[in-house]
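The letters A, B and C name the chains in turn, as written, and every chain counts its residues from 1.
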Amino acid sequence: MYLPEYCEFLSPVQIASGHHVLEKIPGFLKALNAKRPLILADKGVTAAGLIGIVEDAIKDNVQIGAIDDDVPPDSDLKVVSRLSDVYRKNNCDAIIAVGGGSVLDTAKGLNILVSEDADNLMEFAGANKLKRPLKPFIAIPTTAGTGSELTMAAVIADHDNFIKILFGSRFLLPDIAIIDSRMTLTLPAFFTAATAMDAMTHAVESYICLQKNPLSDAHALSAISLISKNLLNVIRKPDDQEGRLLLAKAATLAGMAFSNSTVGIVHTLGHSVGGVCGVPHGTCMSIFLPYGLEYNYHLVNPFIAELLFPLAGPEVYADTPENKRAEKTIEYIRQLNQDLHDATGGRHARFLSEILNRDGEQMVKKSHFDAIARISIGDGTKFYNPEEIDYDDSMLVLEASWDGRPLNRNLVKKNA
Amino acid sequence: MGEYKTYRPKRKILKWLYLYVFMWFTGRAIKIAAKVDDEVKKEFDSIPNNFNVALEVLPYGPALVVGKTEDGKVQYLGSSTKDKKIDLRMIVHNIENAMQLFTFQESTAISFMRNRLYLDGEIPYAAAFVRVFDAVEVYLLPKIIAKLAVKRYPAWSLIRKLSGRVKIYLRAGIGV
Amino acid sequence: MSRTDYSDFLCPIKFCCGKLALETLPAELRVYNARKPLILFSNKAVINGLIDPVKQAFDDSEMVAGIYDGVPESPTLSTIRELSDIYIKNGHDALIAVGSGSVMNLAKVLNIVVSGEPGDLKTCQGEDKITKPLNPFFVVPEASATGLMANGSACIDNFSFTSRYLIPDYLAIDPRIVQQETVGVIIDAAMRALSSSSFAYTLPDTDYFIDPYAYLAIQTICENLIPVIENADSKKGFKDYLIMNDTEKGKMALVTASVIGGFISFCQPAGIVMRLSEALSEYCQLSSGILAGLLLPYGLEYAMLKEGYQTEKLLLALAGPDVYSRTPENERGKSAMGILRDIQDKLFHLTDGYIPRTLAGAGISENQFSEMIERMSQNDEGIDSKGCLSILNHAREGRPVSDI
């Protein structure tokens, strides 16, 4: 096993999971000394009927202070400030966030304002500015992928000044994450595939990147094995509630792994492609994942080889000679993307040129590459990638992932 | 029954002095590298004018402050962050961690990994500053040590490395 | 198989393990806005010379630390009173406990008192009576660390407490602290953790959130226990001052595993092996951890036959994916038990017979079994007396349990 000279691990969020956990929320609130939660969501969550499910599950046993489902996909300071008025006007004393990354980030920002009794969120921007626990905060993720309910960071935009503000503190973490299979049951197939591949990427990257440690490794291996065993089944049989729950648990495990050991080039490029072309995060993850492994191959191929076991199971692992396992892992992930592509009627993109928007137009153009590569070298995740990433490196990977060609590993710049 | 005492922390003067000298020299070297090396110059171009970066050790320093003036000149601003406008901080938790970093037992990347230091400010600028820092280390240190300090030792030509090294050492050290 | 319905998991501890771990203490205290910690040392920690490295970790920080050396082996309420006076009078705002066992226990109780009102010990007694987070509580374990420190239980005189808020916030495992320890103590701690982890890992309904912790503890102990014992007396060479050697890493990993084992036994009800070994330890000179190691394969075999524990899974954690993949499915459980017995056998040889391979070797006679089980079932109604007797008899002769 890999024992680093030094490591840290912290995952202090209580995880309550099952098919009927929402009903336990009133009890959790009571244990946290809270009586009137504000429920936050976005319109998508309401449209999918999820707010209704949450409301029905808890309304008999707790007084809901207010429900606000007006969190936009790119939430900003103004939204947070508006919500703090809603919170105060309704005498709320806890936050329940239902949704994905944006809702969770907004809730984290809101929690700072209402707990510190402040009006200006900027006072708390940056790392480690918070010094004490905030108000009770329960997160109900609805995507089984992002893992934002487990990360100590929040990004909130300031649209007036065209900047994104980063907040980092362990006190931003929710007290409890509720993993209820009903929240992901109606997720469409291609969306399930993309979010699950995001979780898969969290697990895989946390296993090969620099901050890996024995505890994050153990979480990552569990997550990979669960996703690999359940993803295609769930895509083919969307109402498989048990499979859905296992995927959601896997995403949580992956979140625990990567919030401690962080991620690398797959996210570096993914963030940039998302920023420049507006491609959904999960789609970028599935496309770049095999390239991320190829790019770091010369430094971490023993770790990549170890991933074959949770991915492909004992038979394939035993049948593959030791020196072929790392390559087999990469091949396996490419095949998984192909299978997802087939199972979703082609909606799961395998390479960049294949990503289409709702109107069937190509979202990423070759002319975007320059901007993408420029942004990439300033992305925080590049610090954690085993190999250095500069402009040319990003271009190399982008070119290859344009039409799904495997990366020519000889072209990757190495230690001179 | 046991006994109660209070322990007043001692100062680690020698380590502090080592860091003071090292960071002073590196700070001056950064300023000069911005003149002699095109890549370092380009990195500084990506940082806005009137922008100061500090690498500081908690809680008593020393620090390394460099910045860009209103008209875009790169400056070394000394060993203290006191009374300065700092736009980006790279904060090392304690002096032992700083010693690991500046005796090259841990690379900048590994120090980040081990939470020996953390960032407060805009990440793209921090990334640029780390690249500057890496380049300066490649100039200042012999390859065998620089390899421990940076993630990927660059394939620079011998001429670039040596001529830069001579210029930086001379001008940072004795101000030629 | 999977747990189809509800599961609830929380591990609030921050683990920090390795080179310069002690030096992280001031920075971590700053996270909680604490400025003046009270550091408690057990008598043994004082003898082992642990005060210096810990207090020096505060050098060049802005924090003035209070140091209390020599917490007695069995602290009482009057110790708590004395310490809470010190804590309050000197304006401390955090606790750091260095050592193992009694000092951890004491620190938890002390933290209840200093975080609230003086009358709190009475109202906080029992399960989950503490309703809010206490003051920051950090621990620095010695090599003899058992799980005690990572769980949420404490007791003193006639008071006992159980709460998630008693679990420490921060755990710093540093190579300078985990050095001195006797072989017996290391084995005791490791085997105790191996037992609780093995039972948690093979539960008939997998708990996916405990799984990674259990997997890691088992893997760590299996890979590191024997090498650490083999090299227990080796001296540090020059090179070892620059790069951490494997024995040092192994010791730290073992302490981490012990702590995780303790955390797991707090999340899960004690398995049959832990209960039996606690009871047995009153009949012989051996500690319950060492007895748990001896009983482990027999207890697992019984649990597999009786309740469907997934012993085949254990092979993966014990021997890694290569061995697991090459072993035919129906032999994996048996192989895993073989490895556990192997470890026991190696320990027997390495310790010149101090660690027994069978209960007969431990000097426990057959006619003590029924009396012991009788006493156990008085305190614990759910116990399967016949099963226990069968486990003990098989362990006495070193015969695998193959039917019940």
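Simple rule for what comes next: contacts are C-beta pairs under 8 Å (C-beta built on N, C-alpha and C of every residue); 3 or more make two chains touch, one makes a residue touch a chain.
The structure presented is a predicted model; accordingly, all values stated were derived computationally and were not measured.
**Student:** Could you compare the number of C-beta pairs in contact for A-B with that for B-C and name the larger?
**Tutor:** B-C
**Student:** Which chain's centre, taken as the mean of its Cα atoms, is farthest from the centre of subunit C?
**Tutor:** B
**Student:** Which chain wins if you rank chains by how close their C-alpha centre is to the centre of all protein C-alpha atoms?
**Tutor:** Per-chain C-alpha centroids ranked by distance to the global centroid put A first.
**Student:** I'd like to verify one number: the distance from the centre of subunit A to the centre of subunit B, where each centre is the average of its C-alpha atoms, in whole angstrom.
**Tutor:** So the centre of subunit A lies 33 Å away from the centre of subunit B.
**Student:** For subunit B and subunit C, let me know how many angstrom lie between their CA-based centres, rounded off.
**Tutor:** Roughly 42 Å, centre to centre.
**Student:** Indicate the residues of subunit A shared as contacts by at least two other chains.
**Tutor:** Those would be 6-8, 128.
**Student:** Please output the residue numbers of subunit B that touch at least 2 other chains, ranges allowed.
**Tutor:** 115
**Student:** Residues of subunit C that touch two or more other chains: which are they?
**Tutor:** Correct list: 20.
**Student:** Enumerate the contact residues on subunit B facing subunit A in the complex.
**Tutor:** Contacts found on subunit B: 109-110, 112-115, 118-128, 130, 147, 150-156.
**Student:** Where on subunit B does subunit C make contact in their complex?
**Tutor:** 1-12, 15-16, 58-60, 93-97, 100, 105, 115
**Student:** What residues on subunit C touch subunit A, complex-wise?
**Tutor:** Listed in rising order, the residues of subunit C that touch subunit A are 2, 4-21, 30-33, 131-133, 208-209, 211-213, 215-216, 219-220, 223, 243-244, 249-250, 252-253, 256, 321-322, 324-326.
**Student:** Quick one: in the complex, what on subunit C touches subunit B?
**Tutor:** It is residues 20, 23-24, 26-27, 41, 43, 55-56, 58-72, 79, 82, 86, 90, 242 of subunit C that touch subunit B.
**Student:** Within the complex, which stretch of subunit A touches subunit C?
**Tutor:** Those residues of subunit A that touch subunit C are 1, 3-21, 24, 31, 33, 128, 131-133, 170, 214-215, 217-219, 221-222, 226, 242, 246, 249-250, 252-253, 256, 306, 309, 314-315, 317-318.
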